[in-house]
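Below, each structure is written out as structure tokens.
Look for chain A in each of the two complexes below; its partner is chain B in the first and chain C in the second.
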Partner chain A sequence: MNILFNGEPRSVRDAITIAELLEKLALDPRRVAVEVNLDLAPRDRHGETTLKEGDQLEVVTLVGGG
Partner chain B sequence: MATDAQAGSTETGSPESGAAKDTFWLGKHVFQNRLIVGTGKYETFGLMRDALDVCGTECITVAVRREKLYDGDGKNILDYVDLDRYTLLPNTAGCYNAKDAIRTARLGREILRGLENPGADWVKLEVLGDSKTLLPDPMETLAATEQLVAEGFQVLCYTNDDPVTAQRLKRAGATAVMPAGSPIGSGQGVLNPNNIRICLEYLKGDDPDYPVIIDAGVGTASDITFAMELGVDGILLNTGIAHARDPVRMARAMNAACEAGRLAYLAGRIPKRLYATASSPEDGVISTRPW
Partner chain C sequence: MRYPPLGERGQAKLQASRVLICGCGALGSVLANTLGRAGVGHLRIVDRDFLELNNLQRQVLYDEEDVAAGIPKAIAAADKLRKINSQIDIEPLVTDVDHTNIEQLIDGVDMIVDGTDNFETRFLLNDTAVKFDIPWVYGGCIGAEGQSMTIVPGDTPCLRCLMQESPPPGTTPTCDTAGILGPIINIIASLEACEAIKILSGNRDAINRTLTVVELWDNRIRQVKLGSLKEAVDCPTCKHREFPWLAGERGSHTAILCGRNAVQLSFPERQSLSLDSLAAKLQGVGTVTQNRFLLRLAVDDYLLTIFPDGRAIIGGTEEIAEAKTIYAKYIGS
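Entry: the complex of A and B
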């Protein structure tokens, strides 16, 4: 299925969980926060939150800023 | 901290609170150093780490941005920040409406919770109204403040130097109001000290410990001293250090300037007078006056 990952289309397997996707992308779950369709997806539920076709994901981290 | 040791040993403290130690209360957080320093625009993360080390700050700002999966060197700012030493202050920089700022604040809090950093309970709210001046949008800032306060955030509001907006933000529950001295990154210092004085009077009149911070515009050390002498509680800066020719040396200067300004404010400057007052005694002068 297709999702929108940080504004870019991306193909992932059906019903993948957020936790599985982060692991697949080698992202440290401690250092990122995830939003699905504009709502925060709390970290403690990444393992049970499955994605569906067309979901819009924002995966953010910290960068330098003022 | 040298600042604290000196202020503490002379038992100056805040004239309002009468506290023995001149500690910096910012909502639920307490610091000895009064600089909040940004982590953006440094040439390298190593330079950033060294500048932060010598400027004495205990609180640093960070931004929230999309994860880049194919970043060149793969370096993360968190590899260069001691999370046990610094309280992180996530910002909403780059947001132009309340909705996006609220989303960004929630995401920042989520990351800081994961890092178990004490900064997970607050946000530097920045809602911009114009990309050229980076001046804030007061209406969107106010709306975002109300919502974020309702969600339990301690909200530190970047705003302009307008005393009326400052009061509205405080009434909306902002933990601190942070007027810009001049536009972000402009290095023009405090352009309207009279407005800052009025902000201080209005916000602290019946609430002397309410934190007012100059956020943005610091170009060099004297800008900080000047602002601290006005009676603000702290300074938030980034570019003034990061883009100095020698950021580490400038970081040291900023720290000294902050301490100087704070001590001068607590000590109480002499009033300005039109005419001179002699420092040496009038009595016993051997010369005669020409008239």
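Entry: the complex of A and C
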């Protein structure tokens, strides 16, 4: 299925969970926040949150300058 | 005052309020400017740094004269703000914020606004705010991107509900690698300032309960709903009341300064250094200049700035070890 990942189309396997996707991308779940369709997905639920066709997913890292 | 949701009552509350502006660089100087002009009665401005010419691109309170005078940012900010609004109290403090002094710095304040340039201090602020039940507003910028989030302990999620750990050093862009665009600073700091005005004026119901992400160059602004975050995350800070940054178990005493090709060294035990005797010691080593806030030594390709509390900023390197060596070589540790 296709999702929009950080604004770019990306093909992932059906019903992939957020945890699986982060692992595939080698992203440390403790250091990123994940939003799906403008809702923040709580990290304690990444393992049970499955993605659907057309989901818009953004991986947010804190920005530290200022 | 004429804005109805604020009104005379809200304005009076602002006048009676005390705010800690933590860091007075780019974000901090917009925050101080905005909150000072809004009539927030007491601004405690803390910053560890002094001014450099390249700060003027985005640090709106300062000018070339301040840079030439080589004065610390907190002092320059206070001088400027007193000319802008003589009816408020301004308390500038030239020091590094860390776990040893943060409790003093928040003493008596109604809220904290984020003008810092590093994650370590932000997680320290989050620990402190949650522990002592003080609202704070996170803001951060890099390149053309900025984020802001309002944290009201007990009501909203905290920074650690959002992100369990800060990004490890060296893994995220810095002002050196990505630069920083002036307008994003004004946007993020203005969002922070407005949140502060809402909270201080007694309008907590109006706060922004989302994470705001602004990607200015790509023309994207997102309000990410934090919804169930507070309930869904087993947050070490809010739920378990663990405060490792505040306890000094996390965080180092060195910092690579954003955009400066410099490293700051500070020490858990504050010292009391005589700049005069240090200047005498360093005569002949390199070029020494001095004012009552700091001493500078230019030697080889390094520029050392030394403060009376023993803290030093070593310019000319981004290597902590190299900076420590230089410190040990010229100041002694």
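Here are some notes:
As a working rule, the second predicted complex is superposed on the first by the 66 of 66 C-alpha atoms of A that agree within 3 Å, B and C clash if a C-alpha of one lies under 4 Å from a C-alpha of the other, contacts with A are read in each partner's own complex, and residues count from 1 in each chain.
One rule holds in what follows: a contact is a pair of C-beta atoms (placed from the backbone, for glycine too) under 8 Å apart; a residue touches a chain by one contact, two chains touch by 3 or more.
Just so it is clear, the structure is predicted and the values come from calculations on it, not from any experiment.
Partners chain B and chain C, once the complexes are superposed on chain A, run into each other and clash. Shared-chain residue A:Glu35: touches chain B and chain C both.
In the superposition on chain A, A:Asn6 contacts chain B only, with no contact to chain C.
Of the two partner chains placed by superposition, only chain C is touched by A:Arg45; chain B is not. Of the two partner chains, neither chain B nor chain C is touched by A:Ala15. In the superposition on chain A, A:Leu27 makes contact with chain B only, not with chain C.
Once the two complexes are laid over each other on the shared chain, residue contacts for A:Gly65 go to chain B and to chain C alike. Chain A residues 7, 29-33, 35, 38, 40, 42-43, 58, 60-66 lie at the interface with chain B in one structure and with chain C in the other.
Of all residues in chain B, only 38-42, 45, 48, 61-67, 69, 76-78, 88, 90-91, 93, 103, 106-108, 110-111, 113-115, 184-185, 216, 236-239 touch chain A in the complex they form. Here chain C touches chain A in the complex through residues 23, 25-28, 114-119, 122, 139-142, 145-147, 162-168, 172, 174-175, 178, 180, 185, 188, 211, 213, 218, 220, 222-229, 232-234, 258-259, going by the rule given at the top. Chain contact summary for the complex, chain A toward chain B: residues 6-7, 25, 27, 29-35, 38, 40, 42-43, 58-66. If you check the complex, the residues on chain A that touch chain C are 7, 28-33, 35, 38-40, 42-45, 58, 60-66.
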